[in-house]
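Data first, discussion second: the structure below is written as structure tokens.
To keep things simple, chains are lettered A, B, C, D, E and F as they appear, and every chain counts its residues starting from 1.
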Amino acid sequence: MEISARNQFRGRVTAVRKGNIMAEVEVQLDVPPTVLAAITKSSVERLALAEGDEVTVIIKSTEVLIGK
Amino acid sequence: MEISARNQFRGRVTAVRKGNIMAEVEVQLDVPPTVLAAITKSSVERLALAEGDEVTVIIKSTEVLIGK
Amino acid sequence: MEISARNQFRGRVTAVRKGNIMAEVEVQLDVPPTVLAAITKSSVERLALAEGDEVTVIIKSTEVLIGK
Amino acid sequence: MEISARNQFRGRVTAVRKGNIMAEVEVQLDVPPTVLAAITKSSVERLALAEGDEVTVIIKSTEVLIGK
Amino acid sequence: MEISARNQFRGRVTAVRKGNIMAEVEVQLDVPPTVLAAITKSSVERLALAEGDEVTVIIKSTEVLIGK
Amino acid sequence: MEISARNQFRGRVTAVRKGNIMAEVEVQLDVPPTVLAAITKSSVERLALAEGDEVTVIIKSTEVLIGK
């Protein structure tokens, strides 16, 4: 499946921190920047996300702000 | 001003495409990936965004999806 | 690729309306409701979205409001 | 009050799971799909959301992604 | 209908600018700040939004950033 | 740094409630309305947000809904 979101980057999960409902997933992209995602804990479990997993970070362009 | 959004990356504007209400801004990060932002045309004009500008791409972590 | 977003529904594109930057895509789900997506025109073109295409509608749970 | 969001579906709450700050609300729409919403726990309490409640699921079209 | 979004403010529409797909609606709240909403043109037309209309601005708390 | 988001209001933090992953920050704007932000706990800690802090509430216009 190809996704409409314009921003999609390959990376590797470097940390998963679970709360009760939400969870944080840290992804080290193939190039330096690390991206932080706050997703539901149930999604972390459904995808069985764990450190070392190769994943794609997906960000819809309407969600991006610019600072100058 | 420091912003709460966890994902903030420095880059350079490589393209600005204006519609009537919305506009697309392409930002080449300091490391390879290029990020696309869809923001209002009025914000492009208020910040006077143009190719070559050094900017910060800002993405709140709750807006990020993970694909695996 | 499996996506972290909890809400994913199969459907068929019933209309594509393009503006300059944004576009509207109407998707008739396999069961009655029709979902409207506002995505960039460039995504419509990259995926070559057209009426009749079978697609998946993806909605992150943090983007959903409840009215009662 | 009528809401600008283009996607509004009637359904019934089938589960409410509360964390410290966030909560998950599962809504079974009148037709099969079940939608998951991650909203603040304080909103769950302000609306007194409980299993069996008839609610409306509201999703702004700019928040919808398409997979093909 | 009561909405789960924690931020809801009464105001009056002071400007409506329509593009092809998106539209901007400017709302002067009952107290000074003016809020800008970018919604689809079809929503502007469905609600028949016009200058002088009394409306409610609705913002989900997960969409708010803090700068310090 | 100037931010592209069209809605930016000055205020003062009146409450910070931390969960495991998410946190709620209540901001009393200079004029009456109080805005609620749900951001990650790690952002609260990175900015050292506390009651009495002067902050800016930032909301991208594409995230705003209108009720009429």
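General remarks:
Quick note on the criterion: a residue touches a chain if its C-beta (ideal position, glycine included) is under 8 Å from a C-beta of that chain, and two chains touch if they have at least 3 such contacts.
Predicted model, so just to flag it, every value in this text is computed and none were measured.
Chains touching both subunit C and subunit F: A, B, D, E. Between B-E and C-D, more C-beta contact pairs join the chains of C-D. Taking the mean of the C-alpha atoms as each chain's centre, subunit E and subunit F sit 18 Å apart. Chain centres here are Cα means. That of subunit C falls 23 Å from that of subunit E. Shared contact sites, meaning residues of subunit B that touch two or more other chains, fall at 1-6, 19-22, 24, 36-40, 42-43, 47, 49, 56, 58, 60-63, 65-68. You'll find the chains touch as A-B, A-C, A-D, A-F, B-C, B-E, B-F, C-D, C-E, D-E, D-F, E-F. Subunit B contributes residues 17-24, 36, 38, 62-63, 65-68 to its touches with subunit C in the complex. On the side of subunit B, the complex with subunit F involves touching residues 1-6, 37-40, 42-44, 46-47, 49, 56, 58, 60-62.
The touching residues of subunit D, when paired with subunit C in their complex, are 3, 5-9, 24-25, 27, 29, 31-33, 35-39, 43, 47, 49, 53-68.
Interface residues of subunit F facing subunit A in the complex, by the touch rule stated above, are 1-5, 19-22, 40, 42, 58, 60, 62.
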